[in-house]
Amino acid sequence: MLRLTAPQHSRLHAAATLDVSLGGAELNVAVALANLGVSTEWVSALPDNPLGRRVVDELRRHGVDTGHVVWKPEARLGLYFLEEGAYPRPSQVLYDRQGSAITRMVEGDVDWGEALRDARVLHVTGITPALCDSCRQRTEEAVRAAGAAGVKVSLDTNYRSKLWSPAEAQECLEALLGDVNLLFTSPSDLEAVFGRSGAPEDMAAELRSRYSLEAVALSLRVPGSAQGRLCRQSLLLTDRLWASEAVEHDVVDALGAGDAFTAGVLYGWLQGDPLLGLRMGDTLAAMKQTVPGDLADFTLAEVEAVMSAPSARVHR
Amino acid sequence: MLRLTAPQHSRLHAAATLDVSLGGAELNVAVALANLGVSTEWVSALPDNPLGRRVVDELRRHGVDTGHVVWKPEARLGLYFLEEGAYPRPSQVLYDRQGSAITRMVEGDVDWGEALRDARVLHVTGITPALCDSCRQRTEEAVRAAGAAGVKVSLDTNYRSKLWSPAEAQECLEALLGDVNLLFTSPSDLEAVFGRSGAPEDMAAELRSRYSLEAVALSLRVPGSAQGRLCRQSLLLTDRLWASEAVEHDVVDALGAGDAFTAGVLYGWLQGDPLLGLRMGDTLAAMKQTVPGDLADFTLAEVEAVMSAPSARVHR
Amino acid sequence: MLRLTAPQHSRLHAAATLDVSLGGAELNVAVALANLGVSTEWVSALPDNPLGRRVVDELRRHGVDTGHVVWKPEARLGLYFLEEGAYPRPSQVLYDRQGSAITRMVEGDVDWGEALRDARVLHVTGITPALCDSCRQRTEEAVRAAGAAGVKVSLDTNYRSKLWSPAEAQECLEALLGDVNLLFTSPSDLEAVFGRSGAPEDMAAELRSRYSLEAVALSLRVPGSAQGRLCRQSLLLTDRLWASEAVEHDVVDALGAGDAFTAGVLYGWLQGDPLLGLRMGDTLAAMKQTVPGDLADFTLAEVEAVMSAPSARVHR
Amino acid sequence: MLRLTAPQHSRLHAAATLDVSLGGAELNVAVALANLGVSTEWVSALPDNPLGRRVVDELRRHGVDTGHVVWKPEARLGLYFLEEGAYPRPSQVLYDRQGSAITRMVEGDVDWGEALRDARVLHVTGITPALCDSCRQRTEEAVRAAGAAGVKVSLDTNYRSKLWSPAEAQECLEALLGDVNLLFTSPSDLEAVFGRSGAPEDMAAELRSRYSLEAVALSLRVPGSAQGRLCRQSLLLTDRLWASEAVEHDVVDALGAGDAFTAGVLYGWLQGDPLLGLRMGDTLAAMKQTVPGDLADFTLAEVEAVMSAPSARVHR
Amino acid sequence: MLRLTAPQHSRLHAAATLDVSLGGAELNVAVALANLGVSTEWVSALPDNPLGRRVVDELRRHGVDTGHVVWKPEARLGLYFLEEGAYPRPSQVLYDRQGSAITRMVEGDVDWGEALRDARVLHVTGITPALCDSCRQRTEEAVRAAGAAGVKVSLDTNYRSKLWSPAEAQECLEALLGDVNLLFTSPSDLEAVFGRSGAPEDMAAELRSRYSLEAVALSLRVPGSAQGRLCRQSLLLTDRLWASEAVEHDVVDALGAGDAFTAGVLYGWLQGDPLLGLRMGDTLAAMKQTVPGDLADFTLAEVEAVMSAPSARVHR
Amino acid sequence: MLRLTAPQHSRLHAAATLDVSLGGAELNVAVALANLGVSTEWVSALPDNPLGRRVVDELRRHGVDTGHVVWKPEARLGLYFLEEGAYPRPSQVLYDRQGSAITRMVEGDVDWGEALRDARVLHVTGITPALCDSCRQRTEEAVRAAGAAGVKVSLDTNYRSKLWSPAEAQECLEALLGDVNLLFTSPSDLEAVFGRSGAPEDMAAELRSRYSLEAVALSLRVPGSAQGRLCRQSLLLTDRLWASEAVEHDVVDALGAGDAFTAGVLYGWLQGDPLLGLRMGDTLAAMKQTVPGDLADFTLAEVEAVMSAPSARVHR
């Protein structure tokens, strides 16, 4: 999607200019991983116009492969408009993705066998299947193909109440979970979609067991030192429980933090080092929020430097 | 529609920011007339979100009444993206109005009898009926209601080949022409839609006679002094033929010139002074192209000053 | 007034561009109320030039009626230049309103009987009468006319030490207070102008009793969690005392918060619900500070959403 | 004066930002000469606030001495707002200098004897005496002091019809002309103020003779190759007549061209080379119009390079 | 190189911001060809810092392969500062490439045999060998490797008098010409470097014969319709002479036009269609000048559309 | 140096524009003192091009004398690129000063006897001697000349690990310290360069005694109220110990704070009031961080106002 942001906390209905950038849950994860040096491909559909061209250009810029993108001549590019909040006024996202290219995809548009060749993990989210019936079928198609090819599947629940009801989400996500190896979710998603409540670690354990997951990663929200000040903490449950420390951080742009976290955890997971993944996830999520836009545009060296010495100082 | 413009002749697929303004054929005419001091209302549908709110706010800013706007909660706002050209590269407009609020209007959404009370003229264009079947029905509904209420009807053919075929346009526009009093068109529209050719004044005369029109206004394109330099000229046929002189002008932003011309002609027509209308139309169209955006945001005094003394100088 | 702001905390004496917006104590209240859906009119004088036109255009944009604005051909528009501070450097306001249109108003310029027809409340501030003798007379004229027409009068003391001495302010404001029903003030104004000190609630009670006021609203300043972090709290005394809780909030732009508070309190007062007014006043004042400019450009639904759930999160 | 310009040809009454720069007839001449390497001082009054500080800072930046500036604590800085035109819409200047610091100057504020020590020429314009009676007296005071000190006087008529009537201008300027050595004017000023008409060279000759002037410089306006395209030509009459060739040039910003011409002519005159002055004046005036702002910010080497090879190419 | 441009024709020594883009003769050709769909690689050296990373990112964005870039940790990135002119003031380029990464390359840094595998043409310019002795050796190394591998060599003389003397240029370029197949040059380069004069077609013929070139392409400069208005024309000599028509065009940004011409000619040459190449070269060069920056960022479809219908109109 | 800053916390390798300002340790001190009203000169070398011209223009703007600047035609201007961080991501400075004009200075370029005439203090830093051997010699030359002329010497250690090793720094700085009267340093510099550790006041006392210094000023870093929130504290040791209170402040731009502190301490020292210097140093350092850029552009009155009443409020 193209993200159109009203600059400098101005109101969307009155802004004279909009800042243009790229965003989208799966795209954000792909870009973050590519910037860390992981070989990555983004598979989706785009309209055959300057806006679609922009998405591919920007992905190539970050080194993400776009060879299986499906071009849909008559479709539109999904957009979202962002008005950045400040406490106590929340940020507002206005989605405008009706009729976007991905909703025009049909069976066979992507040869998943070929697209997944040499892949180690397929990452999907709960947003795409929520967009339309055909989007749900395409997601299931990809997940099944991954299963068939021995490619691990990572799923972020990413529940969006404007897109579907909890019941619809639950039905779809539960059907997918049978093929999922690594699950990203949050207490609020678990409550909204699965009706779960309780201690986060207990919910994670129950899910891991019920769906035979290799790992469950949970993003927690903890209060900062002052009203409106943000703080992150997370849990990762594999065969043991890993917990990060709460980290307060500055917020230049709050969007995309969850996807940056996912990318960091996947990075560690692919290295066989869950704790590294958890720490890298929290660090990337915090770093993402210190730059404008949805994307975590950081090299591995940059992330490692911050992990070893977070700082408000100037490096000369 | 919201217009999103890549600034400073930059390419749409690479621009880091977009300038936001308002545009739309009927809206442009309404705003230009309101700025000239004519009491004006814009009747259409908008999504009930910050972008829809923006349209109403901006119209109110220019003094255009928006009391009969229909709010459609689930719809989107039509957008168009503009990349500004420079000779020999043409400007490019990318329309994105699939599913816009106007396509969701149903019969009875507007009480046209009430909306047209005290109106002297209803202005419609060939763009709205080209958008969807229901849009065509709404246009016909409005035109019939005007006829019933003794309100004159003005139509701008505004043929857009991406929206419908010549045959579709011809069938629809001919059906409307029976109720039209004042027609705005151009030699290229006449050729594309009605298959007419020949001298502009002859085509205008034939149309005026066939459809019993009070007046036909034609925008002509004439070459400027250099490649890529623009120049305007126009004709108005009532019971006699009025022709303006060709005027070369600077181009800061070429969009909306035709609608500014329409507003100027309507202004004179409402005053019973066709020649004033023709001169004001050409002047407004030239002035519009000296400011960014689609809108002719000029007071009557400003237009009169330029009509009496066009100038590249500085007024102190 | 036009507000010209040095962008991004840059210094006024060196800024390469200035951001243009609108401001003024009474105007801010009118805009905030109109955005909440209250029918509002702003009555003042403007120069008959592009800057005056801008004020009317912007007010119309927000739905504020400007039908009784008096146009003064030779006058200027009052300006103010703003340099935004950051702790420990205060923001600086440089007023430039010498000879502004309002100082040229003469008796009879406004037919107050007509202007106040159907009004429920007239809001004035201590700034206008401080500008010039004639401004004071115009204020008194309006207040008397309101009294005669049975329209309630609201007054914000808004003491500005650069405009008049405490003695001048006291004499003028005390004369007005006889006709005032709702008073907005602060402990610092009460100390500076009326020489009062003591607990805020006691000062409010004493004023309410002495001038037979229906209500007294007090803005308090309380320390935030860190140096330079802002926090709001307020009191409203009617026949009982209502006190809000202290709220810490982010500050994008501190200007206009007091006027937003006033608008919120007036909203509740007009609804006969003082506590709603107090809460809405504090919320609007905090929300105003999260957007650039003086104006509280929020709909009722937006304010109600924040009142029920203030948040630093993203609403999708 | 501070110049506040609506950017990118946008309308002043709607611009979201204004570009800030410096302008003023005498100031422009001083800056242009200082940039050419001529030792220059600007003598005037400024308000003791950030805007006044800005004027001095910017003048120092260009190397103009500001040691005799008079600081007026309660005054304002004169402003002017600029809306840039494009053919056929003229640029509009909105002056806002009522009550500016210069109108508060009183006799003796400047010790002209000291200020003019070591000066070779005093340059004044017809704008300052038009602002107020006291401004006229200050101008006369300076001109008389120059006469007494043997400093040559240069006067640019610069007639502004919004500031005074032709009769007032004529009376004042004729009184000054007795002490003037070098006169800058134009056919339109000569017609408006002195009721002269005829061939430019004849008018110049008649003036030179009547007022015993050393030299008269005339800026002429000649049509360019297309509507709205600008072209310059000028005459200089000393004991013989020097005429430049007409030069068509691009226009980025038309303001300040006349003052740049004056600076160029003064440069040559101070070198005893009238023809150099005329050519440098035309070149500087054309160059000024290729950059934003009022100021001719060019070094001598830059001007000489353009004089020897005007070009639309790129110098690498 | 990074290009840092003073915006909006402002002066470099006073601009408050600089626009950042990419430029460089060989890089511009690579990007233009990649955008046309030709498989392209750029081989050079970059510093291992954020600025070097930027160059690779941007090249990837356009689809140019960067796999053989040599990273030099201690080097700097070459910069150039641009001040955009307007007639009669020329644009000024300030190069700042002392010590840039390419000057640190040593023999063997690039395995040319591997880098040129599957290549059809190697394009070099006269700028790189002019930078330093080692740069000249690297250029010769590449050209020799191409000869050895049967890859055609294209050379653009691109004489820069600030980098080397005509004698140095002549000696170096003549040595290279023995291995060159396609030569890009201009009458002014031929005069400056080779001391040639005469009709362009004669000079081309003489060069083609002397160095056994397959083709010689010449960019000519012809006067436009007005002072400062640009116009292009070119010649291509293979076994016959192809001449394009002179085309006047708008100029948004004059830089990179020559490289765009080269890319267009190479495109046709690779297709075996010299006339297509010449027309595409002229069109691309004109189109490049209608967008900001050095790069010709146009798809094949876009160029073909302009070749068939150059226009100052709006395409909807 | 020219400072090129990626705006709004954007990443340097992706920013579309860069903000241009001036910076440099000695230059920052000179500008801050000049703005406080102290007569100041900056002595260094600059390239004879628009970028060098910019440095002199900007220094003149602040009233800093530039009469002894040495112009080096072939040199470049030192640059530094800044990416602004936000916690936990540090700001990044990318220096690009290889071959800058100062490295081309030779003995005798500056007549230090003349340059230091009437000076009371010469301020040097540890950055210049770290740049190159000749830079070290120039620094020593200046310090010796000051000693010879009875001018006090102030030195800021300003250790930069990218420029030289601790051993090199120690050797050079110890050699200079024999002529130094006032030393600015920090615990981290003392540890890195001199291998000192312990309580700051003890380290200061030991240094003061060993090198017979009049005064040692130490900048301390103390934790703020929240992660990433900055706080300042400092010590000044003369014949007694002065300690300031820790002050938490907002951070708009962290660069240049140390130089602003130095300027404040020097101001007090020149007045013979060390405590005033310490308080002014801390206040200036905090104020500097509330504005963009390296420079402390504040008048004495502004600093005194903040010292007496630091505030997050608005001054009207």
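Each chain gets a letter, A, B, C, D, E and F, in the order it is written, and its residues are counted from 1.
Criterion: a contact is a pair of C-beta atoms (placed from the backbone, for glycine too) under 8 Å apart; a residue touches a chain by one contact, two chains touch by 3 or more.
Computed from a predicted structure; not experimentally measured.
Trainee: Taking all residue numbers at the subunit E/subunit F interface, are over half used by both copies (same) or under half (different)?
Mentor: same
Trainee: From the options A-C, D-F or A-B, choose the one that repeats interface C-F, i.e. more than half of its residue-numbered contact pairs are shared.
Mentor: Having compared contact pairs by residue number, the answer is A-C.
Trainee: For the interfaces D-E and B-C, which has the higher count of C-beta pairs in contact?
Mentor: Taking the two pairs in turn, the one with more contacts turns out to be D-E.
Trainee: Please name the chain that ends up farthest from subunit C once chain centres are defined by their CA atoms averaged.
Mentor: Centroid comparison gives E as the farthest chain from subunit C.
Trainee: Need the most distant chain from subunit D, centre defined as the mean of C-alpha atoms.
Mentor: The most remote chain is A.
Trainee: Using CA atom averages as chain centres, what separation in Å is found between subunit A and subunit F?
Mentor: 44
Trainee: Round to the nearest whole Å and give the separation of the Cα centres of subunit A and subunit E.
Mentor: The separation of the two C-alpha centroids amounts to 41 Å.
Trainee: At which residue positions does subunit E touch at least two other chains?
Mentor: Touching at least two other chains: 11, 13-14, 16, 53, 57, 92, 225-226, 229, 251.
Trainee: Please give the residue numbers of subunit E that touch subunit D in the complex, ascending.
Mentor: Against subunit D, the touching part of subunit E is residues 8-11, 13-14, 85-93, 95, 160, 162, 225-230, 251, 254-255.
Trainee: In the complex of these two chains, what residues of subunit F are touching subunit D?
Mentor: 53, 57-58, 60-63, 299
Trainee: Considering the complex alone, what residue numbers of subunit D touch subunit C?
Mentor: The contact residues of subunit D facing subunit C are 4, 7, 11-20, 49-51, 53-54, 57, 76-77, 79, 81, 83, 92, 94, 96, 98-99.
Trainee: Along subunit A, where are the residues that touch subunit F in the complex?
Mentor: Checking each residue of subunit A against subunit F gives 224-226, 229, 247-252, 283, 286-287, 289-292, 297, 306, 309-316.
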